[in-house]
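Following are the structures in question.
The two complexes that follow have chain A in common; it is paired with chain B in the first and with chain C in the second.
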Partner chain A sequence: MNGREHSDAELLKRIDLKAVERRDRRRQGRNFLVALAFMSPALLLVGVLLLVPVVYNIYLGFTRWRKFSGIDEFAGVENYARMLSNPFFGEALFNTAIWVVASIVFPILIGLAMALLFRGVRFENTFKNIIFIPRILAPTAVGVIWYYVYAPDGLLNRGLSVFSGDPVDIGWLYDSATVTPAIIATFVWQTVGLVMVLVLLGLSAIPKDPLEAAKIDGASKVQVFQHIVLPLLLPTLVMVTILSVLAGFTVFDLLWVMGISYPGQRSLSLTVYMYFEAFQKGAWAYGSAVAVVIGLVVLCVTWIQAVLQQRVDKMTR
Partner chain B sequence: MNKYVRSVIAGVLGATMIAGVATADDVQLYHDKGFWSEQLQAVGDASAEATGVRIVENPYATAEQYKAFIQASIASGDAPQMFTWWTGQTFTELTQTGKIAKLNDVWADMVASGEYAESAADLFTVDGDIYAVPLLLARWVMLYNKPLFAELGIEEPTTWDELMAAAETVKAAGHTPFNATVHEGWRGFIWFQELMLRTDPEAYLGLHNGTVAYDSEPVRRAFEMWVDMYDKGYFTDPRSNEEIEDFAGGSAAMYLMGEWVVGSLAASGLETSDLGAFIVPNVDPDAPSAVIVEGGPVVISAAAKDNPDVMAALKFFSSVDGANAWAEASGNYMGNLKADAPNPIIAKINSDMTEAGTATYNRWWEATPPDLQGEFVAELNRFMLDPTMDTAEDVMARMQALNAEYWADQ
Partner chain C sequence: MTVALDTLDFDAIARRERRLQQSKWWTLAVAFLISLIWLIPFYYLAISVFKTQQEYAAKAPLALPDGLWPIVGNAVEAWTQAKMGFGMLNSAFYGLVGAGLAVFFAAMAAYGLTRLDFRRKNLWFMVIFAGTVFPFQMYLIPLFFFYQDWGILNTHFGMILFYTAICIPFPTLVLKNFMNGLSREMDEAARMDGASEFTVFLRIILPNAWGPMTATFLLQFTWIWNDLLFSTVLGNRPETRSIMNALQVFQGSYASAGPNIVLTAALIASLPSIILFFVLRRHFMEGMRVTSL
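Here is the complex of A and B:
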């Protein structure tokens, strides 16, 4: 050991590393308690208002609770087995799948197209505000407005009559072939404004250098969009897709208001089906089981999208 | 200044204490009839004046939320003091919890006083015990547009053939005879129950206890008549979003509905003086007179039976003064024979029923098992939107499949 090493060892001995570590641990512990104290209101709210009801709902799905009794009777997987044999559940699941696909495709395509169309044009902000207005309306109010637009003597049929020259009398919200597309159109009308604004934000975050370089290299507008804009916009599009799918999957207000007179209303989506079973029939345990299935499917979809998001993030880094 | 502040604080505290004493006598009445909130509170205020016990109404926005509240309350052993419910099987289920008070003694007094007919308790009786007093006793009758009937020279029909002849006259004059829609998704049963009752009352009863199938001949006959009436153009567009406003605005000559709609029609511009009503005649003219009745019960919890304030409130509710306060506020009838009829339509139906000795039948909605109501009424709505015999056969088959499955489990 040379003189310098000897003096370092002496110094470390005098500092007492273990005591420093103990002090650090104590400080970290204090910091954690302070952080916990600051977080406790939020943790308490999330725990009491979100986690406890979710866990309780999962428990209820395994009971025989119907109307006034059965809340403490264990039923095993009885409710889940019943779901598989119920034709209305199958119809609701199918319609929900349509909603998921539609809520991915239409808001994204239309929102993206509108963002590209209005970006940089004169009165851009005015157009953006007008298209965003439906998003700030309550879905129930939107449902009531469109309920009357789609009425047999409503605005849509009258407009079509003027265009076609013949009286048009389509029962948009009464026919199984038109009711889901009609309500999806309303959903798209309401959500497309938000998608457009988010895409515009994504577009404005794209660096100008690669765009200018591509132009100098003689790339066409389509090539610039396909090879530069779209890849750089992917993180925004994935995030918008997640928001859109969750909104489409859990939509209830529009279906409830606009489908009120449609004979097959209970099968319009899993959320409506769950409401009918639980609240109309008092089949609380069965309704809870349906809610668990809805939650699981949403979790799966969200997980797939989170994985996609990570991959896209890696690609664009 | 401080003195003034102290005085104000003392005053507020004093008023709060007095209010606290006053609310100690309040009886809470829970219900799902938000559209009658003010009217129910008017009865509650009348109760405070007459008995010193104020009834405080607590409305729930939708029937579903309300059912959830009551079911959860009873499941947790804490039933509300006083609340409204529905008749039929859902009422039986409620009484089977053992948490609802028997009111046989209350009814004995109500009948002995001559205020109620003994049969008025039928809708609220389960296994020989009575569990409710009436909030509402609405007969489902044919309302008609008096000026239009007068213009076309139509008299009130007393037989089914006369009713069909009246419909034909109305149609020939360029009007639609009957107002009927699927608006709000629950109305599909109205004409179905009427046609079943008018053609085969025994089969109508059998539908509700599983002894008559929904694809049996009596049901098929009712559907055939219904299809025939649609083919003749007797009904309005079932897709209208404003059924009550349509009739008030003159969309049709006749409207089959509960008596409670009279107030809504007046609010929509059709004066009660322009409105007539009659009990729909039977297809078989020799069959006894019958009418569909919708009863709204008010029950109290078993624990509340020992509470003198609750009992005072309940007795006031069904008394002549209570019935009159309710009739004046809401235009509804609760079956008290000594109370004033809320409007000329109800007075006329009372008189017709007494004269004809009319039997009452529970409304299809309440009489049908709650597990089947929703799906069945959706099927009946589906028929109204496509009123052909092909659809009727499909509707009957689907209803019977659900019906058979349900009763097999009972």
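Here is the complex of A and C:
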């Protein structure tokens, strides 16, 4: 025993710690080069085609670049000041705000209600699939279908006139008062299925014990929902809300397809407004500035998500 | 556990059971009604594609068509007028190659990030993942001009390049998390036997990551198939248009074609993703679980 300890100490003395460290660093360096080789296609593509454009876009927003003019003229915040006085921008911003609120409220409320309603009902899976199917279709195709549903002599008006007895002639997609709500209804029709499925997933993860305990203690259904189900479902709801807001805020396809005959199409939302200014009017710098505004809002939402998620995680732990 | 039977209120239990059963009926009825409302647009689509233009204009929107044959004429007209042959081929090409390359590159990156030991891994991951943080609008104008400068605007190569790039970050996240969970014993053993890193990746890690790779591939393929925005900006020529772009252009200029034709085009454009979904439902659900958690 004693001899063994002795030789260990001798061995340790003989090991050159510096050399070990050096070898370690060399191995890490070699590893890093190999790893870099593995990551290089991804880094190159993402860097050149996604990250560089974002930086360049921010720069463009501060220039005076238009069709047939050079980029080099620096304009400061001129483009941003112009937005404030542009009525179309104001309208686009207002409509975008409506989209944000609507995509927080409706998908969550309807998705949650559907999840609670369908849960445990006979043919649950059939109902679930039916509500989910619109999600499979491309937004473009959905937009085309609903464009004709809302047409002046389309399904909705004809159906309403059958119910009311009088001929109904509402220009759903032509009137500024109805065009945004109509497209939001289509958006909800398409996306609520995913919300419902995710809520159902969250519901099935709730442990049975506290529910049964509450029932035995004589809690009513509403009480059980409010005090047990809702708090445990909160993380799911937060996540779903954020997903829904980001989707609703950046909707483009539906607006582009369904708003095609609306005279004020450009102000249907910031996304359409940006596309219109840049690619139809050729106001490249101004369009870039609008894109930056959209980016800022998205970053804010992502940041709120991070904060909320942290709070919720703390609460549930 | 024993229950004193004489203390139980059987009437109350029976009442509660009956109420429960009644509420079940009510919910079933409401669920049925909601599903019916949800299906109306599909029903409308399904019958409209079987109608001739005169039939579509004259009949009630939800009335059944006279016969099934008009769909052939509608499909032929939609296919030729909307140039859907190009669109279908292009989108299939973009989807298969773009999503395929993206998932492969993502797997490579994930391998580098999880199987090799080096410092500041998280930073390198964040560089790749940053590609999903920004809204698409911030890419459009710079890319349009880069593409013009490089001479790849409105080319298949340019479209593939972009679709590959945009589809890399998300699979990288998923595959990184997955590969973190794989045991390290096998690749250590292979390395001992003198296998190169690339062999380890190709022969040991890839076969094990097949499941999440398929799931993310399907998600990205559907994304590319459904994309309208980037095809409109970067590939807006009949020869390079994606199917959804072809559909949108056709609908936007429908002066010559009736709604029944445009609706037929919408149905044809959606068929591949519908078929894909029903054939590979398990993988899609897996993908959804992966995206949400």
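General remarks:
One rule holds for everything that comes next: the second predicted complex is superposed on the first by the 275 of 317 C-alpha atoms of A that agree within 3 Å, B and C clash if a C-alpha of one lies under 4 Å from a C-alpha of the other, contacts with A are read in each partner's own complex, and residues count from 1 in each chain.
Assume contacts are C-beta pairs under 8 Å (C-beta built on N, C-alpha and C of every residue); 3 or more make two chains touch, one makes a residue touch a chain.
Remember, predicted model here, so these are calculated numbers, not experimental data.
When the two structures are aligned on the shared chain, A:Phe276 is found in touch with chain B, with no touch to chain C.
Look at A:Gly287: by the touch rule set out above, it reaches chain C but stays clear of chain B.
Within the superposed three-chain model, A:Lys208 lies out of touch with both chain B and chain C [touch as defined at top].
In the superposed model, more residues of chain A are touched by C than by the other of chain B and chain C. When the two structures are aligned on the shared chain, A:Ile260 is found in touch with chain B and with chain C. In the superposed model, A:Arg14 lies in contact with neither chain B nor chain C. Of the two partner chains, both chain B and chain C are touched by A:Tyr148.
Of the two partner chains, chain B is the only one that A:Tyr174 touches; chain C does not reach it. Shared contact residues of chain A with chain B and chain C: 147-148, 151, 260, 275, 278-279, 284. Taken together, the chain B residues at the contact with chain A in this complex read 64-65, 67-68, 71, 74-75, 93-94, 97, 99, 181-185, 188, 237, 239-241, 370-371, 373-375, 378-379, 381-382, 385.
Looking at the complex, you find that chain A touches chain B at residues 65, 67-69, 71, 88, 147-148, 151-152, 171, 174, 260-266, 275-276, 278-282, 284.
Of all the residues in chain C, the ones that touch chain A in their complex are 24, 27-28, 30-32, 34-35, 38-42, 44-45, 48, 60-62, 105-106, 108-109, 111-113, 116-119, 124, 127-128, 130-131, 133-146, 161-162, 164-166, 168-169, 172, 197, 201, 225-226, 228-229, 232-233, 244, 247-248, 251-252, 259, 262-263, 265-267, 269-270, 273-274, 277, 288-289, 292. Against chain C, the residues of chain A that register as touching in their complex are 28-29, 31-32, 34-39, 41-43, 45-54, 56-58, 60, 114, 117-118, 121-123, 126-127, 130-131, 133-134, 136-141, 144-149, 151, 154-155, 158-159, 189, 194, 197-198, 201, 239, 250, 252-253, 256-257, 260, 270-271, 274-275, 278-279, 284, 287-288, 290-292, 294-295, 298-299, 302.
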